[in-house]
Structure formats: C-alpha cells, structure tokens
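Heads up, the next two complexes both have subunit A, just with different partners, subunit B and then subunit C.
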Partner chain A sequence: MAEQRFLTNSVSWAGPATREAEPIAKGEPAARGGQKIERSISEPSSLKIATSSVAGEGQASRRRGLEKPPKDIAVYRTFRRLCDRILDELGKFGPFFAGDQVSDEGVEVVAEIEALLEELYTCPHGQGEFLKRVVVAVQSQVNNADWDRRHVTFLREIIRFLRVRYLLDEGTVDACYDLMKEQGLDRFRGTIGEPRAVKRYRLEEVDENDKSRETND
Partner chain B sequence: MTNQEKQMTETSTAPVTAPPRRALLDTTVQLDRRKTASRQKKIESLLKEFDWKFSTGISLLEFKATVIQECLTIHNQLRRSGARFTRVRDALLEKKGQQISLRAHIFNNVLQVFAGSFDITEEKDHLLAEKARLLLENIIPRLYDWFAKESVDTVLNARLDCDRAKEPPRKKTAAFEVNIPECKRGKNKFCHVEEVIREEGPRLLKSLEPHVAASEQLQRAAEVFQSVFTNPKADLSHSNCRNAGDCLITLEAKGKATHALSSNAKEWKPLSDALGFEFVHITYPEEKTA
Partner chain C sequence: MPSHSPFRVHHLQASVHFIQGYRYLDRCGEALIKLENILEKGWLPSETTPKAGSLKNDQLGLTASFNSEALTVSQIEFISFEHFFDQACKIFETLVRTFEIKEINLPSIKVVFQKGFKDDEVEEASQHLIKMRLCTPNGGLVALLGGKPEALEFVLVTAEDLEWNQERVHQRRRMQSQVIRQERQPPFDERLLRRARQLGKQQRAAIAALMQLRRQVPEIFPVAVQLDLEHSFETEFGAEAFDLPAFLEQGWTWAESVSSGLTRLEGEKK
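Up next, the complex of A and B:
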C-alpha cells in the first residue's frame, strides 16, 4: 500500500512529503521511470520534477516498483520497527520499579532492549555513521548499568525523537546528548567517566591449549 | 578585565554581607569532576560553598593537551583500517608516557560499557574498536565544550589571551585536526604571555624562592620565566607555557579569585600565598583506605 502510494506520488506529486513515502536521500538527484527528481536539503517538504512525465513510463515504473521496493524503504521500515519494538518494551517497565530503581524482575526487559539496540546499531538507515553514533551514545548510558527512571525516560525520549527522523546528522547526535544532560546522566560515561557498572570486565589472555577451559564449556 | 569579571570582583555595597567567594580550579580538579562519581560528588559539594568558580585559558590548554589529546590518540589508532580494540589497547599501554594511567582509564571504561563475558573473536574485536572510535568521536568536542562553556562560571583568559585555548577540536573527514599546533607569533599567536611574565614574573619568582629547590615544577617554571627575562625576543610556544602552567594559571586569576582549589599542595600552596588566594587542598582519603 505504501509502495503504491509512493509510486503514484512520484509522478504527480508536488505537495509536502510524508516521511514514509520518501525513498530518496535528500540532496541527491534520483532517476525514476525516466524522470529526474531533484530535491534540495533546504526544502524538506517540496519536490521539483525536472522533466515532464510520460504516462507509459510511469506505469512501467509502478510495475517495477511493486516487484521490488527500493532498498531505502525497506531499511527505513526496519529502523522504524526496531524503534517501535524498543518503545513497546519500555512500556513494560511500569510494574518493575522498586522506588526509582528497576527491580530484578525488570532485567528481562533490560536485556531485550539491549539486544534491540544491538540490532539498531547494525541497521543501515541514514547517511554515514550517524545512527551508529547515536546508538553507541545510548549504549554508553544503559549498557552494564543499574537502570533507574532516568534511563527509562532517556531511552523513551531519544527513541521517540529518533523514530521520526529520516535525515540523521550531527544534530541528531547533539539531541541525544542534550537528552542525557536533561536526565542528569553522565555524558562521558564509558570514556573519561568511570561507569558504575553492574559487572566489572577485564581483558584476560587465554591459552588456547588450556584443557580446563574445554571441560568447563 | 571583561564586564563579567568586573561584576564578579566587585564586592557588595549593601549592608554588611560576606564578600563573594570566588574559587579558582586547578586543571586536575576539572578532570576529577568527570573521572569518578565519588570525586565528582566531593568536589561539587565543596563548590557549593563558593559564589563563583573560575578556570583559566592555560588550564583549558592543559586539559586539551592531556585529556583531549589522549582521546584523540586512541581515536586515531582505532580509526585505522582493520583496527582491533585489544591490539590498539596493548600497543598504546605499552608505551611510556605521562598520561599512561589516563589512557588505561579510558580503555578500561570502554570495556565496562561495551564488553561482555565472551571470548573476543576477530569480529568482536573489530566491533569493539568501531564502537570505541565512534564514542570517542562523540565526546571529544563535547569535552572541550563542557570545560569551556559549562564547567565554570567563566574561563579567565583576558590577561594572557591564550590562542590555543580558544580552539575547539575539529574533525576533518576521518581524523581530528592537530589538537595543539605550534605557536608562531603573528601567524597563530597573538597572546600576551611574554608581557605578563615580564610584568609579574620577577615579583612572583622572588616570593617562590624558598620553595623552588624542592619542586621540579617550580624549577621548570622559573627556567621559562628566566628565558623571557633575558631575551627580549623570547617567543614561547604552548609546551613552554605548560611547563610554567601552575604559575600562569594563578597569574591569570590574580585579583579575581579569592580561593585556589587543587590536589597539588606542593606548588599551589606557595603560589596561593604569593598571590593572595586562600588555598583549599582537595584530597581523597577514602580512596586510600578502600
């Protein structure tokens, strides 16, 4: 349905774009069905069609589109789905607070969110490494931490902010750090700031020939 | 003196109230505010007793040359093609250097956040390296911004006007620009360091005379000052200024701060006495007994 709406709009549309129907990265010209659609970064909601469309070409384009949706739509859907799943999990924290801290029973939700964040890290949505930078920033706060209301609020706010972003840039990373600051979290946790960790890790050199390790496995 | 500094140094003309307490923070105090939660808590609790808190341009220069530089060094190694976290960590911790413990601190903190109980495969090692690099990329400019814009009420720099302190770290396509370029008068250096040393240095060195023999840092500072006294064309670079860092920091705050806070009593107590600050020695005795 979304693909049909998009493909129809790519021929005749001259109004504001909905984010779900925009497969083209802004600032880049794209060709579709013989038309060159140009868009500037400073005009997020307008669309100029540089060449006139031909009905036959448009129909052929729609047929091709139905068979194989552009990669960016699929990626964006994956991205949205992951964000929505994280928000769903965050909604389960209600009964899992002991005071301001997340209780032991809530660790199940914590583990699920940590796994979803790992999936989000590998999602190729957006240009460059901006999504990865946002995810590691989030992980620097929530990984190996005793979660409390601040972490849950921070996650909810950043994921809500992120899920409707089509264009990810330095501003997105800035917003993430601003939200950390608002919640009183240590922005430098995991680098200069020593994390208060649930479990302490260290690197240990392991002898590959150590037979006792095989027994324990 | 800037308007803000004037405002802060004027005492109240209202009915008798205590004059404002204005704290000058040493560079290590600034670093401690971010390093561990316990030190941060102790320092922030102490700072509540002061009406104003300052740092200085030279202190920001020192912060760039230590904390930010270590982050940059690690980042540069991690962004190399095929970088592996464990190998970069081993290579950088095997080198000798003044900031080696800070470097280890950063690597260990990254491990606490991104590691887990697993055997590190090549793939996981690459992933750790990538995440560490991206996180450092995020925080390097933010560390500078925190120091320069958030950490204190003002970074005093009107007297010395250090140019290197005013330059935030900038990222090019992959790497950050050179953190602290050499200072060249007329090209990238327009500061007043030599002028301040000639004006204030002789009196300060005279006050510090009884303490110089016992302190390598004060000896280095005295050498820098002497090189300026004896050479009318002396042209110091940032490394020279860092050698005289404590003296220059306190000179910048002379007449503005009422108290000086440092964990380094050996140099800062005599400097405070010489320049009219009340010295507040910051210690962490609970860490020694733990």
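Up next, the complex of A and C:
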C-alpha cells in the first residue's frame, strides 16, 4: 500500500480543513516526543511496509503480461482437488475400524485412496520430481499393507500438509518421512535399505607359530 | 476516458504478519535470490535495506515488500487474480521457509474497487457516493452542521468468531468508501540509466521490457469513488499449515460478491 499512498489522496470534501493529528501507519509508535497521535480502531489490518519509492511503470501495457494465466495455478487446483478427495475418502473410515485394524468392509475405501494416490503421482504440480517422491514414499507405506489407524492418521496428516503447499521442495519430502516416524511406520518398508538377514564376522588373533606348523603339516 | 465507469478492481493486496521473523536481517539476500529464481520472469529487486526488502514486476503490475514483521504483495490497476494468487503463494512459502517462520498472524486480503470520474467531476463523484446510500447521516446532525451533505465517507468494520479450515478464527471485515483524487508517479528506475552490460542477465531482460512499457500511455482516472474491502483473520496460525491459497480465494470471492451486491443496489436506486 506504500505506493498507493503516493498515488492517491482523499479529495478532502470529507476530510478536515485543518489537520492536528495525521493518521499513522499501523505498527508505528503511538507517541513521538510528546506529540499527540491518534489511531483509529477501524484502521486496516494490513501493515504498511515503508520502502523507498517503488514507482509503477507502464501499467497500461501490463495486459500483455497478464494475458496468459500462470501455468502453475491450474495444476495446483487439480492437485488440491485430488488432495481434498483423498481427505474426503479418509473421513469415510469411521465405521470400518475393527479395533485398530481397518475391516474388510473398508477395502473399497482403501482401493479408492490407492487409485487417487496414483492420480496424484501423475499430477505435474511443483518443480522437479518432489511430488512423485512424496507419493512414492506414501505408497511405500500403504500399498499391499493391512491398514490400521497409523496408516489412516499418517495419510490424513501428510495430505493436510501437502494440500496447502504451493511450492514443493526437499523439505516436503523430509516432512513426509518425519510424519511416518511420528506414526511409528517403517520408512524402509518395501526397500532393501535395511536388510533383515545380517551376516556377522569375527576378528580372531592367529599365533604365527601355529600358522607355520599348519603349513609344514 | 469514459466518465462514470462501472466499479472495477483497481488494487489487490495481500499481507501476512510474521511472528519472530527476525531472520529477515540475516537472510534477506538469500530470500531475494530464491525469489528471483522461483518467480515468473520480470521480477526486479528494488532498493533493499534493513527496514525492508522489495521486488517489483512491472509486466504483472506486482510489487512485493517484506521485512521481519510482514509480507505484503500488491497488484495495481490491471488485475489478474490468478497471477496475483500464483505469485503471492510462491513468495509467502519461500519467505516462510527461508526465514524459518513458525507462526504468522493477521493474514489479510484487500480489494479496492474504483468508479472513475473526470478531473472536474469531484462533486459528481461525492454525490454519487451519497446517492448510493451506503451510510445515511443522522438528520439532526446535518441540521446542527447546517447546509446539506456534500460529501460523506465512512468505514464499517464487522467481526465474528467462526470455524475456518478446522480452526477457530476471529474474522474481521472492513469496508471504507471515499472519493479520491489520484496522480501517477513519474516512472523512474535508476537501472534505466545504466549500460545494459552492467546489469545481470535477468535484470537486463526486465529493464528491456520496462523500457518498452514506458512508452505506453497510462490509463488512470483522476477522480474516483473508491470502495476498499478488506478480509482478515485476527488469529495466529502455524506458518507451514496456513492455507494461504484457500484464504486468498475466499477473500477474492467475498469481495466480488460484495461488489456485485453494491452494483445491484446502485441499480435499485436508479
């Protein structure tokens, strides 16, 4: 709004003829050296950031720049719709819990969510492969798994986190793994990152005399 | 220039207050570099000081200013909500991550509508605003002052507590109506005077575009009836969890519905 202040002035038909108290920007100190300063409680919420003059050049021909809508916005809306649909599906699990496990009746919802995750994987939102990496991480937890409350909570948390992200980056992928950990899920599920069969080796000291005796034998 | 034009969006502005955004002082330069790389072409950093950093994009009519307290993104005159939305969301997320901001408050979106009048039509503009009868002065008060109302400006603020995105929020909405006179500042950017080779590749491209834009004739109403609508939440939010896209869409839709409601009112008065 700083620029607007330079550009416009109320035409003072409704302004005072004399001004003893100038309106001040919100956030400025309320008193300066004994000078009386008034502040209206109906002032705008937006903060004015004082910067040096940022003149607005060439406004008339901006149309050219504005003709094409930004490509990211349409993709974001698709992405957002998919996330909202997944959240809607997650909301349907309520009657399908048997204890902590998702019962057989809930399989239909599971299948729907898995299909939506596939769609999310192909959605070109964000730069690079970050969305794909997040979706693969999510799928590593839920595909071919017996769903329980941890899976549902994890999915709800990650999708809520994702749906408000207009930019995706490495931090988004890290956040996904953090949420997995919070829910006690195994981030290496379905990978060879943490092998289950472990080979053990032992270091043993060998006496040199024993060694030469063995050779002679 | 058409006299008595319909109400048009003249200015869009979104702002968010940062809580503990002091890392601005350490990382402003890093933020500017990230923004230059992430945003659309045509963004140029303006003078940056410990008080504030700013960027502008003349092709999109956008300016962004930020400091340790807040971020403000504005678009003036030729409004494309989609560009505004796209760039504002990107700037917000970049700054939140760069300054590691945990909490924000007071998100707000302001939409300013103007109905233009000619240079010598200040009285007509004032009368137009009075005739819209958005606010009627007390007859007794008018008698006390003497004469008849020649100008009337007002501010109306409404507030309510409600649930938004599964959170309790205090919503505040504000409308200010006034008659304004406006002049455009003469365009000047110090970089226009520098030899092109002294500028970076990105800046050179932006300045070249600016040179072309300067030759265009600007269009602005010297006098206007202005309705300034602001939608805000006086609530603290987790910065990473705050749904800025939904907030902006909601504010924009609300402002449009108020504007069309006012247009209907105008029609009824006639």
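Convention: the second predicted complex is superposed on the first by the 122 of 217 C-alpha atoms of A that agree within 3 Å, B and C clash if a C-alpha of one lies under 4 Å from a C-alpha of the other, contacts with A are read in each partner's own complex, and residues count from 1 in each chain.
Note that contacts are C-beta pairs under 8 Å (C-beta built on N, C-alpha and C of every residue); 3 or more make two chains touch, one makes a residue touch a chain.
On a predicted model such as this, the values are computed, not experimentally measured, just so you know.
**Student:** Please indicate which partner A:V164 is in contact with in the superposed arrangement: first for subunit B, second for subunit C, both, or neither.
**Tutor:** second
**Student:** I want to verify the contact counts: of subunit B and subunit C, which reaches more residues of subunit A?
**Tutor:** C
**Student:** Figure out whether A:E129 sits in contact with subunit B (first) or subunit C (second), or with both, or with neither.
**Tutor:** first
**Student:** I'd like to check the shared interface: which positions of subunit A are touched by both subunit B and subunit C across the two complexes?
**Tutor:** none
**Student:** Given the complex with subunit B, which residues does subunit A contribute to the contact?
**Tutor:** 121, 129, 132-133, 136-137, 139-140, 143-144, 173, 177, 186-197, 199-203, 206
**Student:** Spell out the part of subunit B that touches subunit A in their complex, as residue ranges.
**Tutor:** Subunit B residues touching subunit A: 31, 34-37, 67, 71, 86, 89, 105-106, 108-117, 119-120, 130-131, 134-139, 142-143, 146.
**Student:** Where on subunit A is subunit C touching in the complex?
**Tutor:** 1-4, 6-11, 13-14, 27, 40-42, 44-66, 69-70, 72-73, 76, 80, 160-161, 163-167, 169, 171
**Student:** Give the list of subunit C residues in touch with subunit A in this complex.
**Tutor:** Spelled out, the residues of subunit C in touch with subunit A are 11, 13, 15, 17, 38, 40, 42, 46-47, 49, 51-52, 54, 56-61, 63, 65-67, 69-70, 72, 74, 76-78, 80, 82-83, 85-87, 89-90, 92-94, 97, 106, 108, 110, 112, 122-123, 125-126, 150-153, 155-157, 172, 174, 176, 178-189, 210, 212-214, 216-220, 223, 226, 228, 230, 232, 234, 240-246.
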